[in-house]
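The same chain A turns up in both complexes below, where it pairs with chain B and then with chain C.
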Partner chain A sequence: MAKEREILNSVVPLDFTYNYRVGIPLEKYILGLAEGKLLGVACPSCKKVVTPPRSICGICNEKLDEWVEVGPEGTVENWTIGHVRLEKGEAKDNDEPVLIGMIKLDGATSLMPGLIEGMRPEELAAGARVRAVFKAEPEGSVRDLDHFEPA
Partner chain B sequence: MRNVAIAGVGYTNVFVSKRKDMNAPEMIAEAVDNAFRNTNLRPEDIDAIVIGNMQTFEGVNLPHLWASEHFCGVGKPVMRVATGGTTGMSVVHAAYYHIACGLYDTVLAIGWEKQSEGDSQVGLTGIVLPEALALVPLGLDMTGKQGMVFSGGGSTGAASFQAMSYLAKSGGTIEHIDKMAALERGNAALNPYAHLKVPNCKPEDIAATPIVSYPLRFGHTCPTSDGATCMVMCSAEKAPKIADKVAWINGLANCASEPTTGNLLEGLLTDPAEQMPAKIASKKAYEMAGITDPKKEIDMAEFYDGFAHQSMMWSERLGLFDEGKAPEMLDKGVMNLDGEMPVNPSGGVLCTNAIGASAMNRVSECALQIMGLAEGGHQVPKKVRNALAHGWGGLFQYVTVTVLGDTPRKM
Partner chain C sequence: MASAQTRYASDIGMPRERMLFETVKGFYDSLGITRHDIGTFIFASNDFQDGRTISNVFADSPVGAYMKDETKVEADGSFAYLYGVMRILSGHYDTALIIAYGLGGSQFRPYLVMDYTMDPSFTRQVGIMNELVAAALQARAYMMKYGLTEEELAAVAAKGLRNAAANPVQLRGQANATASDVLKSRPLYSPLHEFHCYPPTDGCCVMLLASAKRARELTRKPIWVAGIGHDLDTYYLGEKDLAVSKSAQRAAAAAYKMAGLSDPAAEIGVAEISAPFAQQELILQEALGLFPEGSGSQVMGGGLSEIAGKLPVNPSGGALGAHAFCASGLQRIADAANQLRGEAGACQVKESKLAVAHGQDGFCAQQNMVTVLSS
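After this line comes the complex of A and B, so read on.
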């Protein structure tokens, strides 16, 4: 059988640049990281404490403007172990399994995803206590909260 | 308000990972041509067209206008709808509104995706993580270790938290997810329009695939597909003139909550398996359809299950089983194609995922089951009077529900 002919395929690389305003609550959170602080906002109605902060509680339709400091320790509520990462659509095996926790920082009611280092995969479980580790030299970005380690 | 029927369903001849022999509008035209087969209609009988595909996936921002000649759209009202993973069902709902309000009698509803022409993970970055995307220039590395969803393995990484929570709540095990996946891959082998088909798939076959993000294996995840679906929808007055067999849309609803876990900046929700919108939307849709006991009155269901644990989760959240009971029902064979509550006889999104068509295929498959026209051996071996179609997506928090029946609802 003749090899199936493939019709012409036009490859078009597009490189777009967008710029997004993060909003004042998130800016305040990022600036707080440089001082080693984790900031959240509390809902005046249902008392939930959200971090990273956002401006509105959708359940209560309230503005979130009561600032509180949360963490730096917290509890792992949910977790996964990543064996694969995606780089520009290509699945690649991680060199080491990556531990990712959904962490409830002390004083917060929301969960924050975070990388957990210094812990073996078999030690990771709901209820594990972890502590935020900040960059020694802050750069004014969300990456100033570098990872979590066992508390 | 008037009742609305589905009079015809057309799929592309195949759903595959790369449709190389045609461009996107040509692929849409193939589904449109096939939709006319079950009807006495001609293209000039179509009053309006609603079409949808995923935002950003192919990088074409006005696909509905590019393809207008290919779906009988020249000189007619055309509307594009895009709501993420639920797009296909939102298209059906928009077409329903066109007809139910009395403005149009006969409407084409089209859902399509040609995922091979774009980068789906880049597309998802702009959909699943709009807030996180805003953080890229501020230090969030989407491709390195800080890209939390990415290091967890793309959308599978995000879904793994939902799977963990579902298993903890239901008492189900990773073996149940293997079993659910095997059931659907096996069903897909009986569906000529399915993408991933594994005849007589066994849970051991799924269990042999590697873990992507614990507890989800490669075998628990959906493919990326190229394909299109077109449905002819019409008013109750038109239905008998158009087709011998129709299915009725008797209830519909959608619901969003705030973004849920899986985002860097999630909302107040902390449990991605809670899925409150599924409970609210299904309750509304059942009420509209006059269904008082879905456990008894719904005969089969098609769920949006990008990941295999979800078919168990949705069957509970949408009221077909009590909370936590799905693993037991799966073990008892209730969810099998010949069971009491067949789930995804088509193989579901788990086996065929041309995203803009995925949520529409839930509706079209329920319609074909009601009409008795499901091809290739995946027709369930019992009379289907009422069927449940479900779409899911957004930021893990948006749900669409459609209840179909073999007779129109009482107005």
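After this line comes the complex of A and C, so read on.
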């Protein structure tokens, strides 16, 4: 006889993958990371500069096609300290707090989320200057921008 | 309009179909109608949470929608309400039944649904952002811009817990909750603790909308839709001021214009706002013009949004008491209507003729629906 819980619940895993085309803007961004460059795009209409780059400015309904190099330094505009992490939707306690910043890269108008290392939680504040740290051995992924450190 | 709700739970302990059957059938019985009195059925549910494409397929039978006009909104129940109102206004239907449900407590991990709303090629690959991080950044944005303290933010959550304790359908409540209780709950992403955030919830909410003629036949205490508005902000969190909600401002302006309100803060007697995170109550009550911009400290300090306050906000306890994904926004509208009818029990505010209710979807309330109700 199966255990009560096994009778009461059918546990149904879904195991499959999706394939998404990243598109030209993100492809260029990923190739730039391998060279230690951060690329953004500017809107010809509202002049905003966003990174990661994408193809459309939703507010202006225009193509974003003016390429701009941004960073690699920037300013922390907002932040949170992660006492937990979400693993497949489940909150698990972190052994050490994780520092997450919303960073305005020099030359960009938008904020980008990034992990901040080499800084104590109490040092993290709006206005802190940080610098992008790239993976030594690029993998051809958006994660080639590894983290930020104090500038 | 009339409505019914389950008693929300972290694990409702029954299949979705039985939950829907018991709630909807009980609702029909309470109104003295049958499924044949329903002109159009509108579901609000989430395929990803249900793990089924077209998640309403097996939900049709328990609510009585076979051989009927039935559609689904893949969004919060407040958007199904918006669609239902439009169907009634079209003149083709005398009645619309809105059925909104979610099983984020027991069936599936709640935060995963929102994780999978994120852009798959960048944000999901980087792996930093999630629903709680976004909410934490939004809370910090408001605190930095308007000088709200951690205690004042916790006071919003404590108010929610106290009100929820007085509401028998809510899942989580605490009669004498204080800011200190909130700050002692599990720290998640600063400045947010567990009690600042919605509890993963199972449950459903159903609502009947009817034309004026049919409403008068069905009840002696009809509640009227006086105005409705809907607006969508940008997805990109790094491109907007998270301390304000422009799309909620626009949705509210449209709803107030339709309702003919010139001074909503003075005319409206009670508000039910979808705020699954504490800071959203402040941001959205300001976007809805109920309190001045940046007034969170004054509102909490003066108890202005308490049940006995100048303009009660979320006397039901709101989404901090229960947040069944998709049902949550419809629950707010149902609770606002119950207030106008004087049927809100221990959560009842002083007599009022006008209420505002709000529903939302997305990170940091990207999409907003505002409706004005009158008795």
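By definition in this document, the second predicted complex is superposed on the first by the 143 of 151 C-alpha atoms of A that agree within 3 Å, B and C clash if a C-alpha of one lies under 4 Å from a C-alpha of the other, contacts with A are read in each partner's own complex, and residues count from 1 in each chain.
Operating definition for what follows: a contact is a pair of C-beta atoms (placed from the backbone, for glycine too) under 8 Å apart; a residue touches a chain by one contact, two chains touch by 3 or more.
The model shown is predicted, which means the values in this text are computed figures rather than measured ones.
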Touching partner for A:132 - first (chain B), second (chain C), both, neither: neither
Touching partner for A:102 - first (chain B), second (chain C), both, neither: both
Partner chain in contact with A:94 - chain B first, chain C second, else both or neither: first
Which superposed partner A:58 touches (first chain B, second chain C, both, neither): both
Chain A: partner with more touched residues, chain B or chain C: B
Which of chain B and chain C A:7 touches, first, second, both or neither: first
Which of chain B and chain C A:76 touches, first, second, both or neither: neither
Partner chain in contact with A:111 - chain B first, chain C second, else both or neither: both
Touching both chain B and chain C, residues of chain A: 12, 14, 18, 20, 22, 26, 48, 50, 52, 58-59, 78-84, 86, 88-89, 91, 100, 102, 109-111, 113-115, 126, 141-143
Footprint of chain A on chain C - complex, ascending: 51, 108-113, 115, 120-123, 125-130, 132-133, 136-137, 140-141, 144, 186-192, 234-239, 242
Chain B residues within the chain A interface of the complex: 20-21, 59, 119-122, 133-135, 137-141, 143, 145-148, 150-154, 156-157, 160-161, 164-165, 168, 210-214, 257-258, 261-268, 270
List of chain A residues in touch with chain B within their complex: 6-7, 9, 12, 14, 18-22, 26, 30, 43, 48, 50, 52, 54, 57-59, 77-89, 91, 94, 98, 100, 102, 104, 109-111, 113-115, 126, 139-144
Chain A residues within the chain C interface of the complex: 12, 14, 18, 20, 22-23, 26, 48, 50, 52, 58-59, 78-84, 86, 88-91, 100, 102, 109-115, 126, 141-143
